[in-house]
Amino acid sequence: MTRIAYLGPRGTFTEQALGVFLQQFQVADARSLPVASPAAAIDLVRAGEADYACVAIENSVDGPVTPTFDALSSGEGVQIYREVDLDIAFAIMVRPGTSPEQIRTISTHPVAYQQVTGWLAEHIPGVDFVPASSNAAAAVEVAEGRADAAAAPRAAAELHGLEVLADGVADHAGARTRFALVGPAGACPAPTGNDRTAVVFSLPNEPGTLVAALQEFAVRGVDMAQIESRPTRQKLGTYHFHVTLVGHIEDAPVAEALKALYLRSPDLRFLGSWPSAVGAPGEVSSPRSAAHERAEAWLRAAREGHAAAHHGSDHGEENH
Amino acid sequence: MTRIAYLGPRGTFTEQALGVFLQQFQVADARSLPVASPAAAIDLVRAGEADYACVAIENSVDGPVTPTFDALSSGEGVQIYREVDLDIAFAIMVRPGTSPEQIRTISTHPVAYQQVTGWLAEHIPGVDFVPASSNAAAAVEVAEGRADAAAAPRAAAELHGLEVLADGVADHAGARTRFALVGPAGACPAPTGNDRTAVVFSLPNEPGTLVAALQEFAVRGVDMAQIESRPTRQKLGTYHFHVTLVGHIEDAPVAEALKALYLRSPDLRFLGSWPSAVGAPGEVSSPRSAAHERAEAWLRAAREGHAAAHHGSDHGEENH
Amino acid sequence: MTRIAYLGPRGTFTEQALGVFLQQFQVADARSLPVASPAAAIDLVRAGEADYACVAIENSVDGPVTPTFDALSSGEGVQIYREVDLDIAFAIMVRPGTSPEQIRTISTHPVAYQQVTGWLAEHIPGVDFVPASSNAAAAVEVAEGRADAAAAPRAAAELHGLEVLADGVADHAGARTRFALVGPAGACPAPTGNDRTAVVFSLPNEPGTLVAALQEFAVRGVDMAQIESRPTRQKLGTYHFHVTLVGHIEDAPVAEALKALYLRSPDLRFLGSWPSAVGAPGEVSSPRSAAHERAEAWLRAAREGHAAAHHGSDHGEENH
Amino acid sequence: MTRIAYLGPRGTFTEQALGVFLQQFQVADARSLPVASPAAAIDLVRAGEADYACVAIENSVDGPVTPTFDALSSGEGVQIYREVDLDIAFAIMVRPGTSPEQIRTISTHPVAYQQVTGWLAEHIPGVDFVPASSNAAAAVEVAEGRADAAAAPRAAAELHGLEVLADGVADHAGARTRFALVGPAGACPAPTGNDRTAVVFSLPNEPGTLVAALQEFAVRGVDMAQIESRPTRQKLGTYHFHVTLVGHIEDAPVAEALKALYLRSPDLRFLGSWPSAVGAPGEVSSPRSAAHERAEAWLRAAREGHAAAHHGSDHGEENH
């Protein structure tokens, strides 16, 4: 049986993401463990009480989910194995029989609140905001009478016997959230040619160290999908850097960049390589890998003294 | 009369920072305007209804205050004029007569909650968290009976007739928050030799553009005090970058780096140059400026054909 | 009267280049002073005994004319004002009546010899080479009977009463030599939008200093037309670097790069900015300058607090 | 029998260097083949008519020996196996009985002439220079009566029955020349921890390509001992670059830099890795290699999912 911890209670978007992961892997025998925060989910994996944690890592409106990043970097032993992107839109739900005019308070997660304030101002002006620890928890608040309405995933209405007044509510069209499947450190999924790699590191607190570190990626043609600085919590202005790279640790340019970064950072941690949720397998890294393989062949020939190391070749076209 | 908007209600750390600013500038005739969020404070400045906004921009435990950054970059017409750092520790306050055993719920701002959870687990285990829109608002919750205890600035206890059970509560010793005084766009404070400069910009969504942009700083010896990426809210993985530089826009290296950045970014915005709250005037940028002035003199001589442009000089020492 | 020193005797390619310079400037009253080497010509300028020196600086077969570079960098007080490119092909000349079969020895300058050895091997195989200090001096050797034939500019045959056996001799079709007009340090010719700038400098003998110095150009979009290292003559492996840039010292990117280089080099010397002999005025630097002027305007607005500094603009197209 | 071609005739400094190589390798049965130029020596190796060529590659007064570089890069099939540095000072030699006052002409190689002109101006002012194809050839000129004196290695006086008027003549004290032993392409000598590596390459004729190529070395901490540009002989301003690196192709940073360079250059050629003549084995590359090995171990652990990839370690000290 596969145990997967997630941000509960039941009815959250995180639970939806978990469902997608289960479907992708055709896990017949899974048990989902709702917990109170991404950190709690990841801690269960570290403790061996869950096999995986399903956690939100980024959304297109509020950016990186910093509690998840902080939880990933606060200890060892875990890495990311998969990601999935979900469209995010909310249902506005009330206890059956409540009319819009009767709504005085609305509950939801603070990040979600930012994504529906425009809609609320237009359709239910003047309501008070009651923060909840998750969107699904907001539905519970309504069901138990502590708030009049909730902005939550539609699934939460069914779970808690609520009535949906409006669906597909989202101030920013096309809002998406990315979720990750986190497990104990281990071998990465095989490269697909369209992968991501995550690391976290700090740097000596000296001028120029950040640019020098990022150049290790740039000079090898390794793109950053994301960079995020998080305070070390020790001193204002000191940071850990979370970087998500385009490519797999088995791709030579990524591997060489990480080795170079290792020499610059006192505490580089590898957080996994996994297939990208955006685009098709092979669409990103294969052309570069082909060129890199020719470079590898050139190097071997040079080391062994073969004539091939003295030939230019028809390799220049796809570079640059 | 100087009107200054801040995150209220009365009794917040932001109000304390505002007091420091008033003292520094010896403003006799000020009126403070409590509002519900940093964004609301900055909007009042943009609307001309406040002369300044006092807003938190960074804290050593949770990092950049993203709502402030988003508010600064969401429109035009404002810039930062001053900063101040405050030590942050909380008082745990209750309605008079409440004993620790009677506490079932504790209210505070979610960022503050992260800074006291360790203490709570040890001293009042098992209490429920009730999120509030500010620390001082949490004190109101307690005064009005909607929560049993609040973690808030000590000043809030006096304002709301509460009793302090514990003071100086902080899980991370030495926690500090930085506040900024934001006003309408205008001439910057004069350079002090120890200044900061803030800009926000986006970059073409192409490989290597971020490193290339950051190199404009590095190659000119301009250090970054902070870099923060915020989603554009249009597409997952597209960002605005907020960068705080060491130095003043009147310092030649900063000016040249910003001109170079202008050529790389479709929407560079200047958010001000102001005296640093850390360290003494003159301690940062003067040595570099002196070298830079000699370089400027060399350039003039070269352009005019003077012999000086053909001499090396005793200038190399302080450059590394 | 304008006195111009050049590599003599009469009949050299350098004298031809001198003629082009005189024509370009419509100098009515010039006196040309033949000397034995580029260094001697430049020394006459330094001593005030010549107004200009006409010297070869580069050819397409043998590369930089290192004695010229060494002479320019060995002292102060001179800079380059103009350049001209000449097609280089040789006439094979003998005393009247000499038949090809009678030729046992051929004289020319060693660099010229490299450019005709293919032709000689085919047409007069087996002749011995007699080095001369200039091509025209080789013609003198023939006229005075110390060699049987010379490879020299056609003009030298007429000057010395020789007969031309073959003309247009050149192993590498399209061979060209660039000549410079060197004068005392002074104000540069005005920018034309298609200029070159020369500097010479050394660098601290530490890893990475050369790349760091060259990056000062690259990061500002300043292209190098040429880089040449010359030994300092003090220790194997220590060098002066001669760099020719695309652009004029009055162009802001060039000026800023030179200031930055000044901070890295213990002995940067400026050797002039002058119109390029290749291409039309305006074809190189004006687009960049226009973008740079907008950046300058942005900076002014930012410093003065105008709204313009908060606007992106339609400036991005021509960059990159 | 080992056949070694060198710049003759007998008595040159190149022959002295050849003697050092023979001694180092304890070659009992060698035959030396004097030829007219470094190019001719290298061509014999390419043709299989010599096993090695002994050629000058650089001297501290005149810099790189460009004919050697051009010969190495003009074709394939050869690489450098060893280097040796010789102190260079000249003997002034005459036919027995010649007094200094009788000297009207002095013969030597043009590069040598540059190194004795100061001495000549002081001790035998007014003599005419007769260029020779090698220093030893100059001694032949004197022996055969075509010049009065020669500046040549002392050994040449004995070979040709000349009398030495002055010894140890050198305008620049400490002048040295580096010689290389060139053989057919093959396996390199094993790394010693203090090695050099040579490559030659061209680059697309576009702005910034040279700096980008050199950065491949800099970013990996690979130092350049030398960089030399040589014209392609096709167009003014187009070059091949000869770069000598500190390190061995078996050192991981060198290998990775060369692979990266391969991706940038249409015609990278490897010219060998060999022990440096300066300094002791192990003194250059071992510290970096040790750090690099730890990086390699980290990478392996990360790929295999071991905990080591999540630990920082005590590795930072020797970097930077």
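Each chain carries a letter (A, B, C and D) given by its place in the written order, and its residues are counted from 1.
One rule holds for everything that comes next: contacts are C-beta pairs under 8 Å (C-beta built on N, C-alpha and C of every residue); 3 or more make two chains touch, one makes a residue touch a chain.
Just so you know, these numbers come straight off a predicted model, no measurement behind them.
Counting only chains that touch, the fewest steps needed to get from chain B to chain D is 2. Just to note, of C-D and A-D, the chains joined by more C-beta pairs in contact are A-D. In terms of their C-alpha centroids, the spacing between chain A and chain C amounts to 58 Å. With centres defined as mean CA coordinates, chain D is found 27 Å away from chain C.
Averaged Cα coordinates give chain A a centre that lies 55 Å from the centre of chain D.
Contacts with at least two other chains are made by residues 215 of chain A. A complete list of chain pairs in contact reads A-B, A-D, B-C, C-D. Those residues of chain B whose C-beta lies close enough to touch chain A in the complex are 58-63, 66, 85, 110, 129, 131, 133, 172, 174, 176, 178, 207-208, 210-212, 214-215, 217-218, 221, 223-231, 233-237, 239, 278. Residues 76-77, 79, 185-188, 204, 215-216, 219-220, 249-250, 255-256, 258-260, 262-270, 291-292, 294-296, 298-299, 302-307, 309-312, 315-316, 319-320 of chain D are the ones that touch chain A when the two sit in their complex.
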